[in-house]
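Pasting the structures in now, so scroll down.
You will see two complexes here that share chain A, one where it goes with chain B and one where it goes with chain C.
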Partner chain A sequence: MRDSYPAGLPKHDLRRMISPEYSPLCYLAGALLILAVFVAYPILRVLYMSLMHNVLTRPDQGIYFVGLGNFLSLLQNADFLMAFQRTVWWTLLSVAGKTVIGFIIALLLVNITRGKKLFIFLLFIPWVTPNVVGAITWRWIFDGQFGMLNWLLLQLQLISQPISWLSSNFYSFLFTALVDVWVGVPFMAIVFMGGLQMVSQEILESADMDGAGYFKKLFYIKLPVIRPIVLVATTLSAIWTFNSFQIIWPLTRGGPVSATETLIIKAYRLAFGSFDIGMGSAVAVIIFLVLLAFSAFYNQKLSETD
Partner chain B sequence: MKRKYGFLRLTVILLLLCLTAAAVAQGAGKPVTITMLQPGLEQPNMKQATQKQIDQFEKENPNIKVELITVGWDQAYDKLVNMFQTKTAPDVIYTGTRWVVPFANMKGILPLNKYFPKSKMQQFPKPLMDSEISGGKIYGVPHAFSSKVLFYRSDWIKEPPKTWNELIETAQKVQKEHPGVYGYGAAGAKHVSTTDQFFNVLFSFGGKVFDRSGKCVLNSPQGERALKLYAGFHLDAKIVPSPLEYNREQLPILFKQGKIAMFECGPWAGRMMGLKPDNTEVPYKMALLPAGTEQHCILNSDSLVVSANSKNPAAAWKLIDYLTTLDVQAEYDRDHGLTPILIEEAKMPEFKDDPYFGIFIKAIDNGLPQPQPAIWEPFQDIIANMVQEAFQGVSPKAALAKAVKLIKEQQLEPRR
Partner chain C sequence: MQAKHRGSSIISYALLSLIILAMLFPFAVMLSTSLKTYQATFQWPPQWLSHPVMWQNYFEVWVSEYHFSKPFVNSFVVSFFTSLLSILFGFPAAYALTRFRFRGHRALMFVVLLTQMFSPLIIIIGMMQMMSSLGLINSLMGLILSNGAISLPMAIWLLHGYLKGIPLDMEHAAMIDGCSRVVAVRKIIFPIALPAVLMAGIYAFIMAWNNLLFPLAFITDQSLKTIPLALTDFVGMNIVYWHQMMAGGIIATVPIAILFSFVQKFFVAGIMGGAIKE
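And now, the complex of A and B:
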């Protein structure tokens, strides 16, 4: 067989390109096909739809090309800009919460020797609980009339009458982020714990001998060592949080009014509430671009870590 | 010779006629299977009642098999729109009447003028039939119907309030006498019932959502007065528990638990509570909804429609026709605790003389149909947001103006 492909065959010759011996194309074809069908096509389709006016429930309005019209409308729309801003704040709040709590838990876990497995098992419960189940459970906890939170605060006499938490713009924003923190903490804690275990005991012992206290060791040894891990974990978490739908939707559906309407909720409402596929796709493309930027940052940090 | 050929010709014609008749007979006798989608049948005891009627229909029409499928009400609209797009919609669809006109505009459902005789149309209250019409064509048959009344604790309230002001006074009196109890329950969650309950107040002040030409006139003085009153239940009078958390369907539960003294609902509330009015635990009575400057109540219904991609529209109609005949409809309404939908049905002693159903039948007299925006779902979102904003203290005028602006921007005004 090899004889039929002389070594001098031009690089871009079709026979060479499809040859299982000279070209990797045959081996990659299956994976490329899957990626093309399940990744490239949907993305290209959404990009295409974002340039169209297409409201499924309004065939009378017709389907036509609007170019960047949908994007321009969004950028001039105060509600959309508010949703964008809200998404950024919500993501920052949630990621900050996950990072700080996750790091504290990791610090506590890395130092214990007895019952570590039990703690890790308990820690994983929010992570393995289906998000929707978790969110519905929390909705009952926050319920204004029957909720456990109100009951507890009333018992402790911290409030004099039940508070309707999810009816308030402030509390609904805060509590949806808190539930997202609850779901995301285990991942962060485990990743940070892995990082902390990498910190050399010898360096820590040397620091002890030099008289460094707990916080000095934390800020001057542990944190610098696990910095790349923190960066990668928070970037990943930011990508997931920015796109978090499964917490907000069952808890508040973006309400009250639009207090918890993040971009992903807006995209869903536009695409599957109003069936405005053009505008829904435009919001999805904007989310895609933001996440692409996050991903580029993540890749850069990952390569720095390597 | 001529006679011989004439005889031959006659024989051939007769033979062809016989063959055609046989083919038609065979076609008519050919069993067909149709699909019917009814949302909400996953709820306890819901499927049996519909299935029982379908079994009876199949017995009477042995050549038509009906496959009954269901989906939750929350997902029904999305699912149906997707089905229309992919031309996979079931033959018969049980749908909220608020979706009939949008579905007709999407060309997802068939006009039924060909099948629906005038004599049958006249059996339904006019406001309900009006909601089934789009572009002069009729698209649905009303099947499940509810008028709304005020449920009140008869051991706490001797005389039911007749006006909204009386309702506030009564509620405050109950709250004073029974600490921990809210006098009234109002819907404010993102749910269709929030729009209904607000519209009941709006209509009672003579307000309208759209005028005759289809223009949105929600931001009228009547609209402002209605929204001020509705939000005032929470903000000023403080007679309702956290309204943004509750929709109408949760209020009977609060009532049963003794947390509220009054609420408005359809006749299914009694079944939801599992209590008869004269029970000793939570005794209750019903009255017409309070009036503003006039007394009204919104009339809601669900309808049966035929999908535009049905291959057996005649069989689909046959099923709809059967399900809406007097006896079958009466049985359905009895089983589901619904307001009798047919005019003749409402005259049946079992409904008319029933102390429970009587008031719901009386409420029909002042009933008004739901508004008919071009598309219901975004309209519902806008109205619910408007009510929520008012509950949060945004001025009714500003909330109404914003809602009207959004309705116009999104071209939701009905097409005339």
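And now, the complex of A and C:
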């Protein structure tokens, strides 16, 4: 484009560099400024602060450089290691749930013709609902005294008396993941549906001729075709889930005690609960590094599929 | 063959309906609770439809006790300006990325992608001191800027995907006719890209409407709370008025559901298209 348009000014002229005709600068300036201030700067700042001792409520201790001290004490801290492990399990559980249920819904959706739009619209409602609204509604459903879940399970005679679900370590862990699955399933289902629609109808028909059953077709034809899409979607979902804050916080705030305290909740509690900026930053940096590694993996897989 | 196909599609309808019913269960609870009296919320066994039907809860939550009107207006202001900001800066940036070749092009695209991956928590911890020295704590402006910062990359991403598909001849023709590039972009490219612009704007609006982390960290002033923060706070109170909370939840969801229905069609294609092609 630039070359095809007559250039009247020498290449390094200042007027040319800021000209909206020949130079991208004017178009990019605003976005670059925002990205610099709100993306680049905070990352560098958090990196820097993770190397400092800085507890806002203890000005008497002062602010001083500790090098990798924060990271070393985190790695020796059983609480942190537990939280790390918990985050990994929570993410795995939630992503697996979203993927499996999303895939089943997608398989069903490609099977129907009439009313598909309506189904998709209804399906998307949990995804569109503000996270906090969804989370507090579930909190009410899980209520230990008057919740609908207790009522439902009592009706079905699966439990004999009401259970205070979110006071239990095990159930709060499981149910926060469940709510996260509930939010994330629609996206997965739609993405997978898009993938399944790319599967050639002719190949499926000729497989029918050869007498291939449903699961044969699923494993040997459909899955290989949508493999790259599954990969992209699960990687993205894993990143989002790892970062998930808005579901857990309104449901349990990381509790009871720390049963649902994932790394992101921990970092928030450290920085804004205990005002330990140094440690909070160190956890944030670790989250950042984990996701960076994950993104690199994602990028590599993407270039492989191209 | 035909019969077999019809059979499998009936099973599909049945299973889908079952799954969707299960997924919409919380909305049934929300709606039912929102129409109860305070006493009826603590009735056991719970009734799906209890008398009297309290439509006035929707009004009550707006004015009494929870003062839901305030957070609603705050959320609206924040989301609207976040959306405006991401289009205003995102559109030209996306245009530059598709029409110019320059050093750092790839790096910029990478940063745009990266921003979608990192948690807003980094922004919060990293920006805290600067925000407070700029007086952006307890201000809606602070929320607009921080929400804008995470929506902007997404807007660039979506618009970039769309603008790539618009042939260069479009603005060429106009420019040969003597238009400047800026005029050509404004008069020709922008209108063609309008669907994508709307989509990016609505996406930013929804994200800002949804965001809890920024107000949680930056807002303590009662009168500046947004919906997610207000609801989170209410649920931590000693007495929770579930009937009003659920009415508030529905009020908070409706505008977003309407906006989303406009962009539903392009939505996933926009995100995944970008993700797969890049």
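In this section, the second predicted complex is superposed on the first by the 272 of 306 C-alpha atoms of A that agree within 3 Å, B and C clash if a C-alpha of one lies under 4 Å from a C-alpha of the other, contacts with A are read in each partner's own complex, and residues count from 1 in each chain.
Please note the rule applied: a residue touches a chain if its C-beta (ideal position, glycine included) is under 8 Å from a C-beta of that chain, and two chains touch if they have at least 3 such contacts.
As the structure is a computational prediction, the values presented were derived from the model and not from experiment.
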Touched partner set for A:F245, first chain B, second chain C, both or neither: second
First (chain B), second (chain C), both or neither: which does A:Q61 touch? first
Touch check for A:P20: first (chain B), second (chain C), both, or neither? second
Just checking: does A:F272 make contact with chain B only, chain C only, both, or neither of them? Give me first, second, both or neither. both
Just checking: does A:P42 make contact with chain B only, chain C only, both, or neither of them? Give me first, second, both or neither. second
Name the chain, either chain B or chain C, that contacts more residues of chain A. C
Chain B versus chain C as contact partner of A:F192, first or second or both or neither: neither
Considering only the touch criterion stated at the top, classify A:F103 as touching first (chain B), second (chain C), both, or neither. neither
Both chain B and chain C touch chain A; at which residues? 145, 253, 272
Given the complex with chain B, which residues does chain A contribute to the contact? 56-61, 143-145, 162, 164, 166-167, 169, 253, 255-258, 269, 272-275
Residue numbers of chain B touching chain A in their complex, please. 78, 81, 85, 102, 105-107, 188-190, 241-245, 254, 259, 374-375, 377-378, 381, 385, 388-389, 391-392, 410-411, 415
Which residues of chain A touch chain C in the complex? 1-2, 4-5, 20-21, 23-24, 26-28, 30-32, 34-35, 37-46, 49, 101, 104-105, 108-109, 111-113, 115, 119-126, 128-134, 136-141, 145-146, 148, 151, 182, 185, 187, 190-191, 194, 208, 228-229, 232-233, 236, 239, 243, 245-246, 249-250, 253, 264, 267-268, 271-272, 277, 280-281, 284, 287-288, 291-292, 294-295, 302
Per the touch rule above, chain C residues touching chain A in the complex are 1, 8-9, 12-13, 15-16, 19-20, 23-27, 29-30, 33, 41-46, 88-90, 92-93, 95-97, 99-102, 108, 111-115, 117-119, 121-128, 130, 145-146, 148-150, 152-153, 156, 168, 172, 175, 180-182, 206, 209-213, 216-217, 227-228, 231-232, 235-236, 242, 245-246, 249, 252-253, 256-257, 260-261, 264, 268-269, 272, 275-276, 278
